[in-house]
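Next up: some structures, all given as structure tokens.
Two complexes, one shared chain (subunit A), two partners (subunit B, subunit C).
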Partner chain A sequence: MIAAFTAVVRKDLMLEARGGQSTTALVALSLLVLVVLVFAFDPGGGEQGRAAAAGALWVALVFSGMLGATRAIAAEHENGCIRALLLSPLDRAALYAAKLGAAFIFMALAEAAAIVLMVLFFNLQFDVRTMRLVPAVMLGALGFAALATLLAGISSRVRGGDLILPLLAVPMFVPALIAGVKASAMALGGAPLAELATWIKVLVAFDVMFVAAGYLLFEYVALEE
Partner chain B sequence: MSAAPIEARALGKSYGISPVLRDVTFNVEAGQSVAIVGANGAGKSTLIRLLAGLAAPSAGAALLFGEPSRALAPALRRRLGLLSHQSMLYPNLTARENLEFFATLYEVENPEAAAREWLERVALGAAAGTRVRGFSRGTEQRLALARALIGRPDVLMLDEPFAALDAEGAAMTAALIREAMARGCAVLASAHSANTLADIGFAVHVLSRGRLVPAEYPGSPQGMVRPAAVRQVS
Partner chain C sequence: MNGRAIRIGLGVLVLALMLAALYMVFVVVPTEADQGIVQRIFYFHVPCAWVAFASFALVAVAGIFYLWLGDQVWDDMGYAAAEVGTIFCGLVLITGSIWAKPIWGAWWTWDSRLTTTLILFLLYCGYLMLRSMAGDSEQGARFGAVVGIVAAIDVPIVIVSVRLWRTIHPAVLVTRQGGHGLEDPRMVATLLVALAAFTALFIWILCLRFVTLRMRTRLRTLAGSLAMAELADQP
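The block that comes next holds the complex of A and B.
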């Protein structure tokens, strides 16, 4: 099973390296969101600027995450490849884990680029405060990848699925979104990691819940009725 | 007595209020081959999807190795090979990469060697490094057959296996199907016409509007089934 799991992740990474569409689109979308918000808010420096930067970063995470999840599942439906995966001996929960792993890697790369763009556009510094963003952003990326991978399995099989995915994903992500924005704003304000603990715990709980839900439910949402 | 590898028991499928399959019952024993023939919309592909476990029946049971195909354990899924309308191949992977990937999923001992072997067997050795996106429909079909067979399945389901194939491809496909039959594989195939399948030893069932019907029935398309090759459905 480990070999099959690794093969699925490697396959997704290989396809992305060849096509590059998902990661490029994720980075481009993050850039667009950050540019629009920095000119919309005109935050300047100080606490308001840091709060706006944190919010913009998480807006970019959500939009790019939805795009990435949609494209990842769409790629499996091309030529009916998802059926081949479901027919194979690969445990379906392991299949979910592999798809989640690949989605998380893509989101992490996109978020790394988004953090760099955020620092540049919001006139912040590459310092220890920026580094303190990383746990919250990575936990948020994992949680959103888990949620979106599961929901994309549903939305890909229904008419209007492209509309259903954001309608389902965004409201369900709100708790993690709030926690992530709060933790990120505090981190950019110089708060030590210990002060972010409450919000980090919310993100961890969200991740545990939706990774477990995806692991248990993916088989049922991926198969046709 | 061990269960038949493929078994349909009063199998039915409806989408909404529209029945697609109704009360389909038959089985395929190890080493046997059965062809389901019918016109467009008869329910052939739906039948294969149900038996492969890709869709849930509305009535009756679809069984593989005696177990519901929808809830098949991974060890039993490893014994199933499917050739579908869609090739189930990744367009941006090469022919070799596709076969190595699926060989790994099917726990083949040496995926790289198996991929090389099967590329040669379907006469695609020279195209091993070509991405599937650049293949013709017939070439993709040959590679898809290799994908279905690379795990040496005990049950093989083929949805219109000769579609889009030239004479050489059809002969190659027939030879591979015969080989699978010879090693005891239970083979189920669907087609519009039974002639080619009957020639390689398939017993033929006719599906019409979702039901298995007697072999010669009023209104059967001209030349669709050779009466001598057809088993009367009881």
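The block that comes next holds the complex of A and C.
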């Protein structure tokens, strides 16, 4: 189980290290989203600028997460690799955990880059407030990766599936989005970690529920036929 | 033939209850003192919400049973419930907006219950979209069941997060401390009749849709076995 998990994660990481397409694309998309939102909001400094920065960061997370999940599954379909994975005596739950792990690593990298870009574009400071963003953003990335990995398994099998992934993933992600934006705005406003606890709890609950749901339900999504 | 008689009987019952509910809403019940005439939409708004939530619960339960037992009958049930529920959820949003304009002065506010209902509506629109794209295959049924279950898991956490976010919805029937917001006993009676009427309407529509989907499933099975027989007959 553990061996299978590490094997699949290693495969994905190696593929990424050799080609490096997904992470580059995710970072580029995050960059573009942030630029577009700076034009859209034209944020000044102060409270409002920080709130806009927090919102922009999470919009970037949703968009790059969607792209990442689609790419991760599409890469498996390109050379019929998914068939080999499903034919192997690999437990479906382990396969889900591995795909989730890989998706989370790529998203976490893209989010780290997005935080740096956000600080630059929105004229914020690199200080302890930026560090306090990390737990919320990483929990958000994990939750979105859990959700998107399960749903991408569905959308990749359906005609016009590219359309269906955002239609399903975005409404489901709303609780984490609310909690994440609130926590990020508070963190940027200088609130200590203890004050973010309520929102962090919502994010943890979201992650636990969706990782568990994906783990249990993935075997019904990934059936070879 | 027996099923047909039940369906006709249900239809008659729905008609009678609906007429009774309309009579109570427009004639019997007194006008609410603060809000005036517009408050009467409440007697349709709440039953619509109840039907929407009940059908979404049914989608999840049917999804679990479908994945567990693999019987197509559960998928037909879940699909029918999702369609009916989405329509009633839309009605909740529309009737709520009509009420909110004169009372809150805005068609829409980002209150917790409004937001939760809107997200539910979007979730099940996504479900229906997926079903129509996946076609009527065993795979579509499986995907529908998974999405139905995941959506139901999402609902409690949507409620919690949105409630933490904000709330201004009037607390009719749910306040803990004193009074349920409906002072006149005729108001309670009207609400109960309207609830009964909408529950009957829900069961009736669900039955009709379910029977149609069952027929479609049977037709598909027959077409499948016919194709097999033709293949076998070929020399």
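Simple rule for what comes next: the second predicted complex is superposed on the first by the 223 of 225 C-alpha atoms of A that agree within 3 Å, B and C clash if a C-alpha of one lies under 4 Å from a C-alpha of the other, contacts with A are read in each partner's own complex, and residues count from 1 in each chain.
In this section, a residue touches a chain if its C-beta (ideal position, glycine included) is under 8 Å from a C-beta of that chain, and two chains touch if they have at least 3 such contacts.
Predicted model, so just to flag it, every value in this text is computed and none were measured.
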Applying the document's definition of touch, where does A:198 land relative to subunit B and subunit C: first, second, both, or neither? second
For A:175 in the superposed arrangement: first (subunit B), second (subunit C), both or neither? second
Of subunit B and subunit C, the partner touching more residues of subunit A is C
Once the structures are superposed on A, label A:11 by its partner contacts, choosing first (subunit B), second (subunit C), both or neither. first
Mind working out whether A:125 is in touch with subunit B, subunit C, both or neither, as first, second, both or neither? neither
Just checking: does A:217 make contact with subunit B only, subunit C only, both, or neither of them? Give me first, second, both or neither. second
Touch check for A:167: first (subunit B), second (subunit C), both, or neither? second
Of the residues on subunit A, which ones does subunit B touch that subunit C also touches? 223, 225
Of all residues in subunit B, those that touch subunit A in their complex: 49, 52-56, 70, 74-75, 77-78, 80, 82, 84-93, 97, 101-102, 104-107, 132, 147
Could you pull out which subunit A residues touch subunit C in their complex? 147, 150-151, 154, 157-161, 163-164, 167-168, 170-172, 174-176, 178-179, 182, 198-199, 202, 205-206, 209-210, 213, 217, 220-221, 223, 225
Contacting residues of subunit A [partner subunit B, same complex]: 3-4, 7-8, 11, 14-15, 18-19, 78-81, 83-91, 223-225
Inside the complex, what are the residues of subunit C that reach subunit A? 67, 119, 122-123, 125-127, 129-130, 133-135, 139-140, 142-143, 145-147, 149-151, 153-154, 157-158, 160-162, 164-165
